[in-house]
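Two complexes are shown next, each including chain A; its partner changes from chain B in the first to chain C in the second.
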Partner chain A sequence: MANGQHPIMKALRDWPKWLVAGLVLSLLLAPLLALLSQLGGQTQALHWPYVRSLVRFTLWQALLSTLLSAAIGLLLARMLARRSFHGRTLLLSWLDACFVMPSLVVVLAVVMTFRPSGSVGQFLGDGWRLYGLNGILLAHVFLETPLFVRVFLARLQQMPAGYLRQARLLGFNDWQMWRLLDWPAIKPALPSVLMMVFLLCLTSFTVVLSLGGGPRATTLEVAIYQALRFEFDPIQAVKLALLQLGLAASLSLLLLPALMRPLPASRSQQGLRPEGQRLSAYLQDALAWALLLLLWLWPIWVLLSNARWPLLVPLLQDPAYWQAVRSSLLLGLGSAGLTLVLSLVLLGGRGRLALLLSYGILLMPAVVLATGSFLLIWPLNPGAQLRLGLLILLNALLVMPFAVKMLRPAKLALTQAYGRQMQLLGMNLWQRWRWVYWPCLLPNLGQAFGLCFMLAIADLAATLLLATPQMNTLALMLYRLLGSHQLPLAIWLAFSLVVLGVLVNWAVQGMAKVWGAKRYGAGH
Partner chain B sequence: MSKTTFVKSSLTSAALLGGLALAQPELTVYTYSSFVSDYGPGAQLTELFEAQCDCKLNWVSLEDGVSVLNRLRLEGERTQADLVLGFDNNLLAEARATGLLRPHGLDLDALTVPGNWSAELDVVPFDYGYFAFIYDQERLSNPPSSMAELLASDLQVIYQDPRSSTPGLGLLLWMKSIYGDQAEQAWQQMAARTLTVSSSWWDGYALYTEAKEGDLVLSYSTSPAYHQVVEGTDQYQALHFAEGHFMQVELAAITTASKQPELAAQFLQMLISPEAQAVIPVTNWMLPVVAGAELPEAFDQLIQPEIVHQLDPELVQQNRAAWVREWLTASSR
Partner chain C sequence: MAQVIELATGLLEAKQLCYAREGQQWHYDFSLPAGKRMLITGVSGAGKSTLLDLLVGFVPASSGQLNFAGQNLAPLAVHQRPFSLLSQSDNVFLHLSVAQNLALGCHPSMRLTARQQQQRQQVAGSLGLLGLLDRPAARLSGGQQQRVALGRALLAAKPVLLLDEPFSALDEQTALDAQQLLLALQAEYGFSLLMVSHQVQAMLPLMDYRLDLQAGQASFSQL
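Moving on, here comes the complex of A and B:
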């Protein structure tokens, strides 16, 4: 056999992989151990009536957010499946963008639009309150519905053309389409996407922290942060963190394979659906458009239209702003770069190790990880540079599952396509990377880098816990401005965050393209 | 920029910074966000102090007064802070329990702030005031005249989190002083009146006055003077409550971690000087701690609480956690 090797030799050759795996594992476990080691200390007992209402609200808001997003997602997906119109692809890309929009930007848009004096809020009556459940639901629906649209639409469009032809022949009405075709098509995908969104809402931090408005609407994730930051009670925080870990981990365990499955690609319109001309379909689609306008287009327009140029000049002259840009850039580039290196090393072979470790990371809520790291570094009281380094490390870890999720299928496909040839040619690991994986994976690497960068610069949980008060990132600055209701200025910070993300995405993906073309010809 | 130039420029700036640090001592002060905001006293006090100290004053802004103490506790002996500024009389026992306050050696006999502060050797009071709810006359025509009326009303109230903010803690103690064992029921009523609980005074006050949300906001009896003097309006007024008001004395102290206690003491001396005491009332909008400070006329029109509540700092220290739990439970139900 060409690559017949003794297992020990193989393990030795794979040492970088095991080294990185050990590193990731210890980064994951050390904070957990730090949490557990606190438990012996003195503290007040958990206050059960409060914890009960915390858990109740945590589950309740996640459940409502999930069901609402699913319902609206269904409405939108069916509309998109049966209508073709100019800008449909653009709309789909926009919804995808909303899914990765930094939560703080969403929070700002929701506040500006739906506060009682906002352009929509003023029509919602005297009893309307944004802070609390309403605000949390609005932001979660904005962020999570696009995922449902993506999954549902893919399902609807994978329907065999023959089904649609028959349905047209039989003249199915809207209800029959739903009962006989749509529901059976969607049903298999439902449990995993429902649970995934439920998990995302369960561990949502930024949204609840900025829109919760007090103990009435606090989740475990936020209570952990408050126990640490407001009450200086690490042990209380640890207990809550373990509770959250139990809650989130038991849920994630159930759907780990689904979490790591790549998202289905949206396709172009195919096959006419028969129910489109019916009144009920028109009514539903009108509702879908109204919701699209109200929730995904108008709030962003409110942000754009309230941007005031005179505020930009002093901001651009403020050294604190450029310091924030610099730290965000370092944080994003560092985390995305590090996570790609770690993932690539781990993806050696069939990439099962990368998958396994990603599962481990997904089980751990970000605040829990940050709390543990906080306890580890707290006695050392490191300086700003070291803290930024730690933040990069932590965020690299947190975004790793996304990188693995994007890179693993592409790499496996390459192995499948060229594996035999590479073996026949007797290529070693270096040659395989140099001539096959690296050039072919460049576009995927660019995309993964872009997404990881976006996620890392939007991080608030880890940054709030680990940053010193002197430290500044764009996300932190935006969070503070939101808090003190300097909304017009906050808009520019939100723009900065998005523009930085988009620019880096463009740059990296452009670089991947140019590099790929220059070095290896456009053939790939 | 190429890598080498980047490295070079960082080295140069590090050298420059290092040079500056050698030439001028730097004094680090932890305080709450509004103190060093554009409207706060921070900038003027910096000017006053740097003119006399040949040093650089470095403010570190934390959310609110309780956060200042929390941060100090968190960092312990390794803290960067030479001074902490903005915790209050209610947190005095807890601040001392950290073992991180250092005697300042100043003579406080001349201070006119209520209480026997000259006996305290490790803290310096720099202003004081009474907690009160503020309302906007244009938005609310028939404001409540007591806490009981407020709780029975259908108004939307903004207040601060007692775990991070000294006004929030003030309200917690105020409610305790009025309702005693019945405080939990009172908090349940308050929960139904709550628009939002902000983590700092600044956030809550901005929500009320900038975003114009809610009917009442927890602040100080002196807050209307700000609107009168700076904005020329009497739109915002403090509510005079029949049950009385809770008093706050804001404090500053030198940490044991400070390597330049003399300089820090000089800062505290400046803080209670007539010049600084003339700045603080019209920037931090609290009452001065020395007699004879000249105040704008607006201060004459402020409400004068007849009943003033205060609690013993030791009592607060023993019960704060339990009372916070009581508040949490009652308002999360």
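Moving on, here comes the complex of A and C:
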């Protein structure tokens, strides 16, 4: 070999990566096999009309949610790209926060705002029904649009300033701007973000469970849960799970080549966009602002304004509340920490393995994972400790795609900038991490940890299946209060979840900053 | 000042060295004696940077031989080969301090012996970096960053320094200063030098050899 490296030696050197990949794969597959073993000789057929309506609704709500979020995201991103105003940065941070907002908090806000007696719902006429497709779409749009805004805005802002100057000189109108500049800029990023959001909506559990409307507005994921928990029918559950898996897998296989392709990098920052002064631009931006107010600002204001102080004191004196805080904290810290370690090992090389496994995880229904794992540990007569441990493991797995999504581009950029130097200097893996990846990725690691923590404490799918009635997390408590329509008290639980997430985010990112500055100077 | 860095010396030879990609072929033939300077010229796409990648080992040769001091370089990994490389940009780690960047040249673990620390001080001194040792490289000017990279290359004590238009991103005066410094150091330390440059007329009088690349073929001449 010209470079003095034999492929077999290289594979051997990468053993930690393959070990972790094996671990993740077995964590994904073992629960599935455990469930399959329940099938035994059973050949009872599925009730097809029911399954058909399930599949249809699952795909339909995911498709509508994705397209609506993408369209609104595009509208918002273009508005943000051409306008500078006071509070723009704040608004962007707020949208980022909405993306990681625990789904149950969003559900609560949507319910309080859009129920027929709610502040917006009362204007929507007699025919308005929140539960069902409407509620699901509202919650999904709230949660997923910010991701589109981020991706689209980044693409628009990376457009070379020269293009915009030329567009101005040539007098492009809004439509030409879109067709000749914006669309080509956004297009390469589309398959991956559309697919990600589609998969998230396809396997969405919390939102559909809380806002779905009976058997006609239920997705496969929720039907699997209902089959397991209420109908005690693991066979039906396995069949539905396989169906969902097959559905999601065949859809993503179609798009896999596009998903694995790295985005073309661009550097330049943009100048002022030329089309801001036109009437059409003002109209679009007014619509963007109206949507922002209606969907992202008003519902949260409704939550804030409905908080009742007298309810807080008894809650803070309730030992069950503090037990839930403790479990949530353990769950969040454990899952986020574990997932970062696993992702970092998997991200060795170009990180394609991490990406592939991520999509595998996104495809796997969380309730299937939880149920299968539960079957596996059942013979051990699991106590609260073991259940929490399993919850941590499962959530570490479930949030890994997000960690990979955040860390991989940053690591690839570093390899691109410094890979040759590191090779020339003969730095080994440890030295590369010690001196380059670790210090440069610290801020990204802090952010990824925060995001994973937020997602893990909001988990309901795995928690609902594994928790005992005595065991509690903040999300579980909130869900139970929602179910029993104790909305005013639920608001405080929602706040607790958000405050916990914000505090941990703040602490971790602060630590990353201080540590980075102390050890490596202020250069980064 | 007494010389504290010693370099192995030897003849660098490329014999019918060939690189093929996408139906195109590049051939290189030259032999550069120890301590000499060679200018590599040619239009864009003539294969100048490809030659440097071949030498360093970033890309494998399709055929031919590459020797240094009689030893075949083909089986050696990138860091085992006798080359340091300076490109237009991305030569230093921006988040590390000047001292740390230099230390990486001595050893990638950054654990330096007393002798290596002395070497680092000496090199920092001769490059005018002594006052900047604690500063992160991100807060240096482009010219200072290239000096750090040069210092690190010296500390790595590789007998051949490859330069890929290292000063093209600098302003005229800074580039001129850096170039003079480079040639002074070359005379002092005695490493061989291969430089890709578009400033043929300005550079030729300073060089010993020229390798001109045209249509995939190299013509090697002594100046």
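Rule of thumb we're sticking to: the second predicted complex is superposed on the first by the 395 of 524 C-alpha atoms of A that agree within 3 Å, B and C clash if a C-alpha of one lies under 4 Å from a C-alpha of the other, contacts with A are read in each partner's own complex, and residues count from 1 in each chain.
One rule holds in what follows: a contact is a pair of C-beta atoms (placed from the backbone, for glycine too) under 8 Å apart; a residue touches a chain by one contact, two chains touch by 3 or more.
Remember, predicted model here, so these are calculated numbers, not experimental data.
In the superposition on chain A, A:Trp435 makes contact with chain C only, not with chain B. Residue contacts after overlaying the shared chain place A:Pro116 against chain B, while chain C stays out of touching range. Of the two partners chain B and chain C, it is B that touches the larger number of chain A residues. In the overlay built on the shared chain, the residue A:Gln470 is in contact with chain B alone; chain C does not reach it.
In the superposition on chain A, no contact is made by A:Gly125 with either chain B or chain C. Of the two partner chains placed by superposition, only chain C is touched by A:Gly426; chain B is not.
Interface residues of chain A, counted against chain B in their complex, comprise 44, 47, 49-50, 53-54, 57, 115-117, 129, 131-132, 213-216, 218, 226, 229-232, 378, 381, 469-470, 480, 483-487.
Residues 56-58, 60-61, 74-80, 83-85, 87, 90-97, 100, 104-105, 108-110, 134-139, 156 of chain C are the ones that touch chain A when the two sit in their complex.
Interface residues of chain A facing chain C in the complex, by the touch rule stated above, are 1-5, 417-418, 420-421, 423-428, 431, 435-436, 439-440, 520-524. Interface residues of chain B facing chain A in the complex, by the touch rule stated above, are 30, 33, 60-62, 66-67, 70-71, 73-76, 78-79, 156, 161, 163-164, 191, 194-200, 202-203, 206-207, 210-213, 321, 324-325, 327-329, 331-333.
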